[in-house]
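So, here come the structures, one by one.
In what comes next, chain A is part of two complexes: it sits with chain B in the first one and with chain C in the second one.
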Partner chain A sequence: MILGDLLGVDVHDDGGARLGRVADARFVVDGGPGQLLAEARLLGLVVSPHSAASFLGYERTGLRQPWPLPSIFRWRHRGSFLVLWEDILMIGSSGVRLREGFTAYSPALD
Partner chain B sequence: MKRLLGVALGILTAIGGFVDIGDLVTNAVVGSRFGLSLVWVVGVGVLGICLFANMSGRVAAASGRATFEVIRERLGPRAGLANLSASFLINLMTVTAEIGGVALALQLASSVHYLLWIPVAALAVWLVVWRVKFSIMENVTGLLGLTLIVFAVALFLLKPDWGSLAGQALAPAVPAEETVPTYWYYAIALFGAAMTPYEVFFFSSGAVEEGWSIRDLVQSRVNVLVGFPLGGLLSVAIAGCAAVVLLPAGIAVTSLSQVVLPVAEGGGKVGLAFVLVGLVAATFGAALETTLSSGYTLAQFFGWSWGKFRRPAQAARFHLAMIICLFIGLAVLATGVDPVLVTEYSVVFSAIALPLTYLPILIVANDPQYMGQHVNGRPVNVLAMVYLVIILAASLAAIPLMIVTGAGS
Partner chain C sequence: MKPRRPLAPAPPVAGRLLDAQLHLLDRQVLDNDGVPVTTVDDLELSGPALDLELAPGTPAPVLTALLTGPVLGTRIFGGRPPSSRLIRIPWKDVSDVGVVLKLGVSGEHLDAGWVERWIRDKIIARIPGGRHDPR
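Entry: the complex of A and B
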């Protein structure tokens, strides 16, 4: 399975209720030394209830131009959240299941 | 002094390079059927292409990378692919139309059938793309393309009734023998011809080819903001010539020979000689630009090394992609399809694909991660959003109008 297969896959909570779809994967660059940068580590997945389309970069709250595009893209992704890798119970091409009592973080970036 | 010469050269090549087969044919068709009543569309289109070409040049100068590369990286593969497929297919159609245009222009000059010229034209395009330095290629075709100014000269020599021309231009009305849908269909075609997507991709990739940096921004801006509007005036002169000679005679343009007819009438043999050189240079220059653009967009999407500043062996897939595109164009033309017809369709399909081309450019030009302090200013963004609405309206209206009007017939 590659990361591309994961995008757009349904996400359910522990009880089987549908929460949305995987819209993005969030990485941090803090692993072992790589060729150019440190190795990237998967921090978690961004789950979006209404659309699995790309945020087109508007997850960064600093981007406000050109009006009204940022508002439109943020509205498309209203209710989306970041769930950490530790909170993921199971991953498969048919669905992602989260652990009971997972924490939903804000997907916003500075 | 050297800098001034550089600016002058840039402006001149921008003027000469502005007009391509799409502008030539569409303006002449429109002039011969609607007079100057659609001239406002050229104005709208030219302002639009100035806006987005300038933005795209700024992205290239600020990030050191071509716009499409940034789009692919920043907006991801899906948005990139939508952008690529729209732009690339239109571009392929335009390559075909331009090569057909070169062949038709050579037919006018030599009386040898255009189908015989087509392989010659395609081979010549390939040789130049393969061998000739980018700056030489741009400057030679751009400067020779300037001979199309003969359309403006011919318009004066034809001694038209300026009052009635101005009346058509300033108080646009649908001529009695044409319908309202046809009028709007051709408005969209003209808009598409002025705003063809390859121009922005070529402009930004060209900026990388020539190694622009932020210091060259002023010159790039001058090239666009002076050169393109003057090129737009050339388009208007083409429409004007057709409006003065062909409209009263009831000749609706369907071939390239009819496009040059007014110049022959107004400018005689000398005028004809100039216009033939101009036609070959303009279509050949545009054939080079569109062929390169197809290579640029493909290579930038798939992450191949690209550019004429590299030796062909170091950008093998880029060159191979262009060869394949030329062969596809050749194959289409070999069916005997009329290049003028291909052109007329290509400008309308251009208009249809425009939102997918220009929305990503706008988003990227607003991203400080790539642009630093050179992100779009507020007035540019407001204007660009207005244009996106126009572009979207034109794009949505194009196919229904095409069906209703039978493609303008």
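Entry: the complex of A and C
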């Protein structure tokens, strides 16, 4: 599949309640060894309840400068969470459904 | 279930983390000589099948290719070109991800650079002095 089709689509829990939109996809370079880099497997999706657009990732890092941009972006992405691949039940053309009892992790990168 | 703050940190993983929007998309791609090839317009994954429930334990999809192509119009107005119109640079050719993405292969023979090569060979080469380095 093409990742662009997944970014921005709605995310629902197993009961159908809307949780937000896919703001990003997180990969981890720890798959099978490749020619130059290891395979990058999909670790999970970053879900944001308010905005799927991200700007420089201020909301996922501990950066505090330049004031007031990090605070604004962090507020814009309040409630964001990372859901791991294991907790994804279905990826469809119109949305993503999560498994019952999924775990929401912090989307922070550091 | 509604996620509540504060959230637990994600389980640690051994490899490097790459967020598609932050570390890959729109980054410049350089070949093994440091010559710009293209930019990353999109990414292709090995799966999963759309609209099908994933069985527990389904292996996570992996990145198979960086995609580039004629996306200016779709960037502005939405949508994307058909998959067949996109040019693929296999992930196995990527050697490093940093401020730019570096390839471990020469860009001279990649489809992604054909417009530049065509302009060089068919237009620039016909301009007097266009066949050698500027002095």
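Following the convention adopted for this analysis, the second predicted complex is superposed on the first by the 106 of 110 C-alpha atoms of A that agree within 3 Å, B and C clash if a C-alpha of one lies under 4 Å from a C-alpha of the other, contacts with A are read in each partner's own complex, and residues count from 1 in each chain.
We adopt the following convention: contacts are C-beta pairs under 8 Å (C-beta built on N, C-alpha and C of every residue); 3 or more make two chains touch, one makes a residue touch a chain.
Everything quoted here is computed from the prediction, not taken from an experiment.
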Which superposed partner A:Trp67 touches (first chain B, second chain C, both, neither): first
Chain B versus chain C, judged by how many residues of chain A each one touches: C
Which of chain B and chain C A:Trp85 touches, first, second, both or neither: second
Which of chain B and chain C A:Gly57 touches, first, second, both or neither: both
Partner chain in contact with A:Val9 - chain B first, chain C second, else both or neither: neither
Chain B versus chain C as contact partner of A:Val28, first or second or both or neither: second
Interface residues of chain A shared between complexes with chain B and chain C: 4, 54, 56-57
Complex contact set, residues of chain B against chain A: 74-79, 362-363, 366-368, 375-376, 378, 381-382, 384-385
Residues of chain A that touch chain C when the two form their complex: 1-5, 7, 13, 19, 23-31, 34-44, 46, 54, 56-57, 60, 79, 81-82, 84-86, 88-93, 99, 101-109
List of chain A residues in touch with chain B within their complex: 4, 53-54, 56-57, 62-63, 65-69
Residue ranges of chain C in contact with chain A within the complex: 1-3, 5-11, 13-22, 24, 42-45, 47-48, 50-54, 56, 59-63, 67, 80, 83, 86, 91-97, 104
